[in-house]
Every structure is written in structure tokens, then in C-alpha cells.
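One chain, subunit A, links the two complexes that follow: it is found with subunit B in the first and with subunit C in the second.
Up next is the complex of A and B:
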């Protein structure tokens, strides 16, 4: 018999770096370190840079919150980019053309997005169509609706009269409010909205039965069903929530652009998915969390900002972002034994 | 421990094998030898290190200390392909065939005969036919593997192993998915493999199998080598003593029946699962179960017993016919959630596929079925969940680092205890146990038998499915035997003999006394 003394447990920092949260944080720290080195003559150290990074990442981040719910349940939602466009167009129409007050525009827009999510969710959970296909269909459908609702043109403050001439109307107060900064110009309202979305998603995932059900469904759907989990309902709600978050993002998008662009949001779903995955939430479902997604949002947000303040042209930015996504996901890979 | 005389050089010799996963050493200084024309049973409780040892032999684990010789030469399999080149083939517990691909493609997967880079279909088909014919398999090798029942798939795996010219064939619980005639067929095949000079390493938890086929037995316990001996020198009581390290007074504890009021009554109950080939999985059966009673349901594969459980549990929704009453109330449930609400709990027969969410913690799994009751308006109360999980897992003697540990990291027996804890957490009055001791070690089995005793003492009615005859006869107060969805016999505890139950399970109808 060999006399082996049991080795000491690995130090705490090693355990931390082996955890998904630790790795996601490491990725963010590396990106921030890169920013500190390539600081574009000190631009990276200015507070405004960070405020703008957060503002620019917010719309994607809101989408990533809903995407996290769906991905944890073992699904995927490709429709969110189109839903952003649809709700942006609807909100712009209601607020600019029809002069609806904010208390009508906001709920109506949220209903539109939630309805899209619910339908896609029902198709995938109720009719057992693969989530990729169901939400791909909704992505095309919602884009079509956005073009239909806008007549194919941007819904802006230049309103066409009956005789074909244009008149300019004021930007609705709702849009101005969302596009504002608060706390002495130090924090964008969209960032606040994003953080509220993070908090809501955290409450759902960590403090509500529904969140636990999503983890269970993503981990083992049949076991969840045989444990009495309302699988169809929980999944439909996940897609509905994703639609709801997409509607929030659509409102923010419309407010920031001061118009409803039917072409907006194209490809946003992929950015949101990348943010979730970089955070370390598993595309297989059942593992992950909103905290990880927050780290993923910051990582991609800062990466984009650092590349842009260093005047890296868009072509290079996209290529580098792709490489870094792969690198980040490689470090996230769970070691199999 | 004694090592008795050798007649031939061993095909496999492993000595001083130590394997660590991080700080945990799962094998320590283990030795193992297997000779040609020998069935060598590797025995031990779950977590004893059997699978790890096999994975080293099969090239899955490449980092280990110690010496491994195959056919007299030192070898270190770098990967499973390398191991098969060295003559080692492993037939896994979970079959490793690809369902949608043809038999021939599966047999030659990774070694497809090619000419100039293109597959030679003719040659592949011909040799596939040869290999299957050698095993007495008369099947169309162009058919997808998934069209064949589990037993045939097992034989296809063996054909694959033979075609790789394997001299050492490792079988890891090969009978777990087989019924009795299929097992007999497999054992016949093992005899012919022995005659060819193959060495067979056989892992099983079934005592009957060890008694039937073992030539030599090696026992591991807690990652250590306990001993090797010819099977004739190791009768069951001694073997169990080696495995658990303590003398068991008797193999199973006796239980005292506590029958109370009638809890479940089924009349002319039929089940029609969707996509079921024969239409009904269970047809026109009537049975009852009383509080505190264990009603054993015997039967071979395809008896419909598991489908009956799923139907009672609401998993088939409205696809049932007939009447079911629970405590006098109609009990046909549209969903498992409703069945749970009415006091039924189900332990499924496959903890990994349908029982547990392996990526969640012990506590999360244990409370999954009862989560609404532990929450306030849907808002969870983690402290209350933890207390509830502690309460239900407490009597189970669960060996886990903590309730926050992922269930996937536990051993099979401990996973089964978590699955049981989940069922018990909803405080059922009717407990459906489908293979409660499948693939778990003797010690954990005993503990589960004791728990069954405790539950019946609390007045829970239990329906039990088990493929292990001693378990069925020991635990059941009454035995009902199903054959192809119909009841063929009903026995009291005193009447039930293994022969009578097996005869009924194979379709002989016995008049009710």
C-alpha cells in the first residue's frame, strides 16, 4: 500500500477561477486591462467613456436578460432583434403620429412584444417545434409586421401630410425622458432601465419557483415534467418574458433614435446570445445565471468601446470581436472528467 | 489475500494502479489480472472504483500511476481507439451505438473499409453479415440499429467488439436492459467467447449472475483491492462480506406488514401511451393496494408495469380508460402535478434520464416536486427549502459533501437516495417505486429496504416494480404478475415462489385462489 497523505484542498482563488463566475470576471478584467493599456491618450480613464459604454451596451443588455431566461430553459430566441424593430415602430407611431401619452404608449408597446414572445413560446413549447425554428419564424414574421406597421419607412418626427408635404413635430416627452441622463448627467436612463431588467431577471431566476423550473427544464425536461413542473407554461413564460424585454429594448431604441426604424435591431439577437454565452451560461440549458450575463454584457460592451476609442475600423472590430468570443468561450468550457 | 495458482499467462495484468481526480484518489494500489478463457467478475459497491479501473483499461483515463500489461507487454492505452487496437473492447452499460445508423455502419464505425477514400459498401455489408452470423444473429445489417430491441443491440455491440479482434471484452452491467431469455442468450454467447480464448471482464451487481458465470472474482472496496479468488472459493455471503467489509446477518432485512384501509383501487384500467406499437400498454387490469402494504408487480420486459405507473401518475394525460380510485376519490390525473397534489409520488426507473436534474443541487432536486408548497405566492424561501431537504434526506443516510453539491457528482446509490427524497418530499400516501435499487450497491440497497419498511409503517401504500426476484419476494406483501399488459397471476407473500412468479411473467395464467 502506498502511503499517500491527502493533498491540501486547492486555494480559494483557484476554486474561484474554476467557477463560471470567476472565469467570466477574468475575461472582463482582461478586457479592462487591455483598455487601460490601449487607453487612447487617456480617453479610457475619463468617466464619460464608461458612462457611454454602459449606455451603448444597455439595449443589448436588456435583450440578454430575456435571452438568459430562455437559454437556461434549454431554448434560444432569435426573434428579439425583430421584436425590437416592431415595438420601436409601434411606439414611434403611437407617440409621434398619434400623440398618445406615455402611460398608453409604454403598456401598449410592452403588450406587442410580449404577444410576439408568447406566440413563439407557444409554438415551441405547446406544439413542440424546435426553438430555433419557432423563433426564426417569429423573427421573420415580426420583421414583416414592423415593415407593415411603418409602411416600410422610418417613423420619425417628419410626418407626411395628406398632400405629400412634410411637417416636423416635436419629439415626444417619453422619448426625451428615456434618452436623458440623470444624477447630474452621470447615468443614462437606459442604463437604469437595463439594471432594473437585470434585477427583475435575477428575482425570477433566483427567488421564484418559475426560475427554478427553468433550470430544471433546461437540465432535464422529462425529469422536470415527472416532478410536476408545469413545463409548457414555464417555457411559454420564458419566451413571453424575452418578448417583454425585447419590447423594453425597442422602446429604448426608439427613444435613442427618436424614430421607429423597421430595419432596426437586425443582428441584435446574436449580440445578446454572445453576451449570455461569454458570461458562461450554457447553451445546453440548465446552468448559468443573470450575474454571469451582466459580466458578459460588460465584457462585450467594453470590448466594443475600447476598439472604437482606439479608432479600430469596423471591419477589424468585428473580426476581433469574433476571435475574442471564441477565446472567452474556450476558457468557460467545463472540464470533463 | 490468497492468490491461487495460475495456468496461463494473464491477458491483462494491472498492478499498483493509483488514480486521482484532483485531491480525491479513487483507486489506490489496485491489482487485477484476467486470463484467457476466463470470466472475471469485478465486484464492489458503487464508488468502489470498478468503472475507473475499466476506463483506464479502455484508454478513457490516460493519467494514472502503476503498470498495465496487455498480453504480456506493457501498454498505456492513449485513447479508446488505441485500446481497441491493443485488443480491449468495452461494452458499456449505456450502449454506445448510434441509433440512426445501420448495423453495418455501427460495427465498422471509425474503421470503415475504404478504397481510394470511398466507402466500400459491399465489403462492409459482407463482413458485417459474417460477424453477426457468428453470434447467431439473423438480422438485416442494413437496418438502423434503433429498430432493434436492447438485447439485439447488445449483441451488435459484441459483434463490433469481435470484429475489432478483441481479446479482452469488458462488459459493464450488460444485463441491466435485458429480460430473462435475452440474458440466457448473452450467457450462452459468453461461453462461446470463452471457448475462443477471450478474456471477459464482467461487472455486475446481480448475485445470481455472479453465481452463474463467474470463474474468478476480484473485489474492490473504496478504491482499494480487497482480494481475488476463484468463484468456487467465494460463496455469496463471503463475497458480500468482502464487498461491504462487514458480515451481513442476512442478505435482506425482514419486514413486518402493516396493512390498513384500501388506498388505491383500479378496475378495468387500460393505458394507451402515444406511439405505443401494440396500442395498449396495459389492458383491463384490476388491482388494489392498502395503506401500509407493499404490492409487488412482477413481469419481464414489455409487461407494461412502468407504463401503468406513468399512467397512474398522470404522465399520459387522458390516454387511459377504466376507473381508478385513490382513497375512494376518482383518480385519473391530467398531469403529474395533479397526481402529486393528490398524494401520489413516482420514483422512475432511470434516475439519470427521468428522475433527476443532474445539473442542479441535491437540495434543488429534493425540493423540486414540492416547490410551490415551500414558497409563498411562488416566491421561494431558500431557508425553508434547505430545511425541508435536510428533513427528507436525513433518514436516507446520504453521503454528499453538502446539500449544495451537484447531484451529477454523486455516486449512483446516493443519486437514487436523492430521487427517493424528492418523491417523499411531497408527503405521498401512494408511492410508486419503479426499480428502486437499480444499479446501486448492496449497502445502499439494504438502506432502501429499511426505508420501505419505515414508509409502510407510516401508512404509505407502495406499488413496487423490480426485476430482481429476491427483492420482489422479500419486499412484497402481495405479488401481482403482469405479462404483456395483463395480469396473469396474483400471489400472497406465502404463495409467491420464484418459479411460480417467473412462469406467470412468461405468460402462464394462474387461476386466482
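Up next is the complex of A and C:
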């Protein structure tokens, strides 16, 4: 509707920069340029730095995939950080203490996370409780469950005997495998898992009618209902998927820490939301995509890494991160005319 | 509007329910048979059982008290809520326990309730964190600065007086973080040990791993990593292992049996220094107070070094 008054179409690069993808890419390029300038004696140009950046961003990125689905449907999922802790504790208990094989640990952990997501989704979609409240309740509840399941202690390779002494067991092969690097030590397995999650979320959003339903619900829920979209089912599935991705992230977290920490994942939900929003997916719902989220994940991941290799003090990091999030979101806003 | 109110109420009810579930107001032992010597009940007010170290403190108290059949300990967990802890102290006073052990969340708001317990004739032992003034019977705590200094001196000796060290700091807005930092700097002062980079990992293992990866990318030679807690040192170890960098030593602090001590046993850390909970010492002091013996007003606990040479003997006490 905006080009009805302009006589000539604007050049292609302008159109690209005006698109959400172009803006998200611009933010990433600016962050990378900052990294090239503040390269910490060349550390930024080492291949290992980029591999590690991707590894560190992976757990957040996996959460951001699920978060994208929920946010596009017009909701929000605050529970994912706690679900990470819950599944990490459960996975560590099953793999380390009970010696379950990987083919049992993985599905069981995924079921735990999906169940949390489904319950939160049912509360918000079925009983029409605001998603903020429903997932806030699940955030508190899952954190409590994680503490309960772990007995308040980290579930690690030091296993307490009945008499209070400790015996030490090996790190389970599943954890070692997830924490490995493949392709000649060049790619972390968690990064591969993250990319698979991105692909799955992309397939769901772009190639499946469920994805269209989510966009429709996020755009106008009442209109979607009247056009025959199964609103409740589609929304419950979005939260369930978010729980599933959180469970995957929890497995990765436990594998990388070699333990299940009931305090893990605190605040991760906010990082995931920031990644989605920086990408350009609208918190109002109905607009956005997983490709944008991928750009958002890389932007925040690289920002974090550049601050870290330059050993910027904590206070400065928080201030800079806040400023950059606001700046990135402001550029996203300007296209709404 | 009413629906929103209902949901808020539901959340409130849920959290209240959760709070109720977590509460561990359980007696450690059943009351003993009558006819034994005078039986004592001790109230233990813990500020937060969300930290493994504080779980260990309660565990130490429970173990020490189990040696004495004439002691019953009632445990309260304030779940990091100052006002809740204040209420717990008042409850313990009104239920007329014989002695109170408190590990306070913060000084200012808990000084007054403790003073009132003293006025009611109940002796109070303060554990780990201090209160204002001197209206308590005995304070037992460790000195993070001393522990940091001991770590610094051990590191200087271990490295032969010179080397490149990475310092992974805890939350620097917290006193333990500040003291473990300044103590360490005192310990290495005047030696050739050089801190090439320092970063805040906020006590968190994933953050420590991240910061260590950055340090590894930047520096080709790192001799030792000093982390303000054992999970931090463990995270740094994982980063170095993934990068294939051997020849780096790792030193942590806290030495919980299931964390630091386990890591030293498994060959992950080279040393860890215990930050004692004081649980056992509190029960010792409690027995003395209850039997009318004098105790010092302030007991500063020493640390314990665990390294490869002494791990099987249960560490070595440092003054």
C-alpha cells in the first residue's frame, strides 16, 4: 500500500534492506564488523572462535526455534528455561545414576519436556488463560519439579551411596557423544542438533498447514477461528513443540555440563525471546519466520562472543547488550509505516 | 477482567502450594525415650536450600547431631526470603527451643529478631554470614580472603614462582567473589605469577566454559586456571579438553564432596580449597553452650586443601 504514491520502484538493495530479513542481516553484519575491528589480537579470525560461538549459541538457538513457533501464534513461552533444567536433571538421573541406554534416555527426556509444553499449552489455549500467566506458572512449576527430582543437588558423576559416601562413575557415552565435535573437530554436535531444529521448525512453518494455521492465529485469532482453523489444537501443538525443543536443549545442556543442574537455564527464556525479536519476528504474532530467528541467534551469539574475547567487564557487557537489543529492535520497527 | 483476576489467583495459589511442598520443617530425629539425660531441641534456620553448599551445611549439622542422641534438630528453610526467615526465628522462639542456629540471608533485617530471641533467653549461633552488633552468642564462619590467599600461595608454589594464570571470577557484586579475588591477588603478590586475563563467570559452569574458550582462543600459553568455585574450574577444564590443550592446571574453591573433591579424585582439578560450612562446628559449640561451657564470640574456620597427594587421606588442614 505504500508504493501507490511513489512513481518509480526503489532499487533492489533498498527493497532488500527494507525487508525484515535484510534488516536482520544488516544487524548481524554490523556485529561481525565490530568483531573484525575488536578482534582481540586476531582471536576473532581463528576458526575455533566461530566454532565455539556456534556451540555456545546452540542451546539458546534451540529454545529460540520453539519460541518462534509460539510467538508467531501470538503467544509467549516463559517456561522453556525451567524445562531445560527439568529435562537436564531427568536425563542426568537416567543416564548417570540409572545407567539407562541412550535410546531410552532421549525419548524419555523428550516426553518430559513435551508434556510440560502440552500442559502449559492446554492451560492457555483450552482454558483461555493468558499465555504469559500460564507459562509463568509452568516456569515456577517445572523449576520446582527439577529441584524435587534432583533433591536440590546437581546430578553429577559423583553418586551418593546410602551411607552418605560418594562413588564416582563415568560420564555416560550419550553425553560424551553430544559434547563431541565431528567433521575433523570442526563442528560441534550440539550445533548440528541446533541446525536440525531450525530445519524442522522451518518445515513446520513453511511447508505444513499447521504453520499456516499459526500465522493465521497470530494475525487474527477470531478470523482464523471463523475460517475453520482448529485454533485450540494448533496452539497446544505450538506450546508442545516449544516444550519438545526445550527438552532437546536440556539434553544438550546436561551433556555439555556432564551433569543435571536444577538451577540451569535460569533466564534462558529471555535470551531466546530476544533472539526471536532481534530477528524481526513480531511479538504481536502473525509475522516472522525461522530464517529471521537464525539471524537473531547468530547476532546475539556473536555479540556475546566478541564481548567475551575482548574480556569486557560484566557491567559493560550488560549495558552494551541492552543498547544493541534496543537498536536492533528499533530498526525492525521503522518498516511499519 | 474477572478471568484475568482468576488466573492471577491461580498462579498465586500454585506458588503457595509449591512453597508448602518444599518446606522441610522436619525433625531430624524422633524424640528419644524418657529417662535419658536432659534432652535438647535445636532450631536451625537456613536462608536458602537452593544452593548445594547450604544443603551440605544442613547435612553436616544433621550428621553431627546424629552423634548425640540427646539432641533434636528442627530444620527451617526460608527459601531465600528474609521475611520468611524472620518468621521462622519468631516461631522457634515461641516454640521455646533450647538453642537457635541461624545462617542469615542478610544482616540488617535479621539482627532484631535474633536480639529478641537472646532476650527470651535462647542462645543463638550465627553461621557463615554475620549480623550487625553483638547480640548473639557465637559467630562461626570462614574467611574467603584467607582461602583466596591460601590458593594464591599454593598456585605460586606449584608454578615455581612464575606462570600465566586465567582468573575466572564469581559474581563480583558478592562479598565471596570480592574476597576470593583480593585474597588471591595478595597470595600471588610479589611472585612472577601473572594474571593474563580475568572474566566474570557468575559462579556458573556454562559461563566459565564460555569465558575459558575465549581465553584459549586469545592466549597460546596458559599455565593455570584459578576459578572462584569448583563448577567454574570444571567448566574451564571442559573447554581446555575440547580444545586439546593439555598442560593446564585447574584450581577451584569450595571442595564439596560431590563437586570439588570428586573432581580432584577424578583427575579433573589439580586442587580445591574447602569453604567449610561450619555445620559440625556449630553442633560442637551448641553442646558447649547448652552444658554451660564458655565458647569464643567469634570462631573463624580454617580451610582444607585437597590435591592429588592428599585426596585419599581426606585433604590437609590449613590454618
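Quick note on the criterion: the second predicted complex is superposed on the first by the 326 of 337 C-alpha atoms of A that agree within 3 Å, B and C clash if a C-alpha of one lies under 4 Å from a C-alpha of the other, contacts with A are read in each partner's own complex, and residues count from 1 in each chain.
Note that contacts are C-beta pairs under 8 Å (C-beta built on N, C-alpha and C of every residue); 3 or more make two chains touch, one makes a residue touch a chain.
The structure presented is a predicted model; accordingly, all values stated were derived computationally and were not measured.
Undergrad: By the touch definition at the top of the document, which applies to A:136: first (subunit B), second (subunit C), both, or neither?
TA: second
Undergrad: When the two structures are overlaid on chain A, which partner does A:207 contact: first (subunit B), second (subunit C), both, or neither?
TA: first
Undergrad: Kindly classify A:309 by the partners it touches after superposition: subunit B alone (first), subunit C alone (second), both, or neither?
TA: A:309: touches subunit C, not subunit B.
Undergrad: Regarding the shared-chain residue A:10, is it in contact with subunit B (first), subunit C (second), both, or neither?
TA: It touches subunit B, and subunit C stays clear.
Undergrad: Just to be sure I read the superposition right, which of the two partners does A:21 touch: subunit B = first, subunit C = second, or both, or neither?
TA: Neither partner.
Undergrad: Which chain, subunit B or subunit C, ends up touching more residues of subunit A in the combined arrangement?
TA: Answer, by number of touched residues of subunit A: C.
Undergrad: For the complex, give me every residue of subunit B touching subunit A.
TA: These residues of subunit B touch subunit A: 16, 18, 21-23, 25, 28-29, 224, 313, 315, 335-337, 339-341, 346, 348, 353-360, 364, 368-369, 371-372, 375, 378-380, 422, 426.
Undergrad: Looking at the complex, which residues from subunit A come into contact with subunit B?
TA: 1-2, 4, 6-10, 207-210, 212-213, 215-216, 218-220, 222-230, 286-287, 337
Undergrad: Given the complex with subunit C, which residues does subunit A contribute to the contact?
TA: 40-41, 43, 46, 48-49, 52, 56, 128-130, 133-134, 136-137, 140-141, 144, 147-148, 152-154, 156-158, 160, 164, 166, 168, 179, 181, 185, 253, 256-258, 261, 263-264, 304-305, 308-309, 311, 313-314
Undergrad: In their complex, what parts of subunit C are in touch with subunit A?
TA: 3-4, 7-8, 10-11, 14-15, 18, 21-22, 49-50, 52, 55, 59, 63, 172, 197-200, 202, 205-206, 209-211, 213-214, 216-218, 231, 234-235, 238, 242-244, 257-259, 261-262, 265-266
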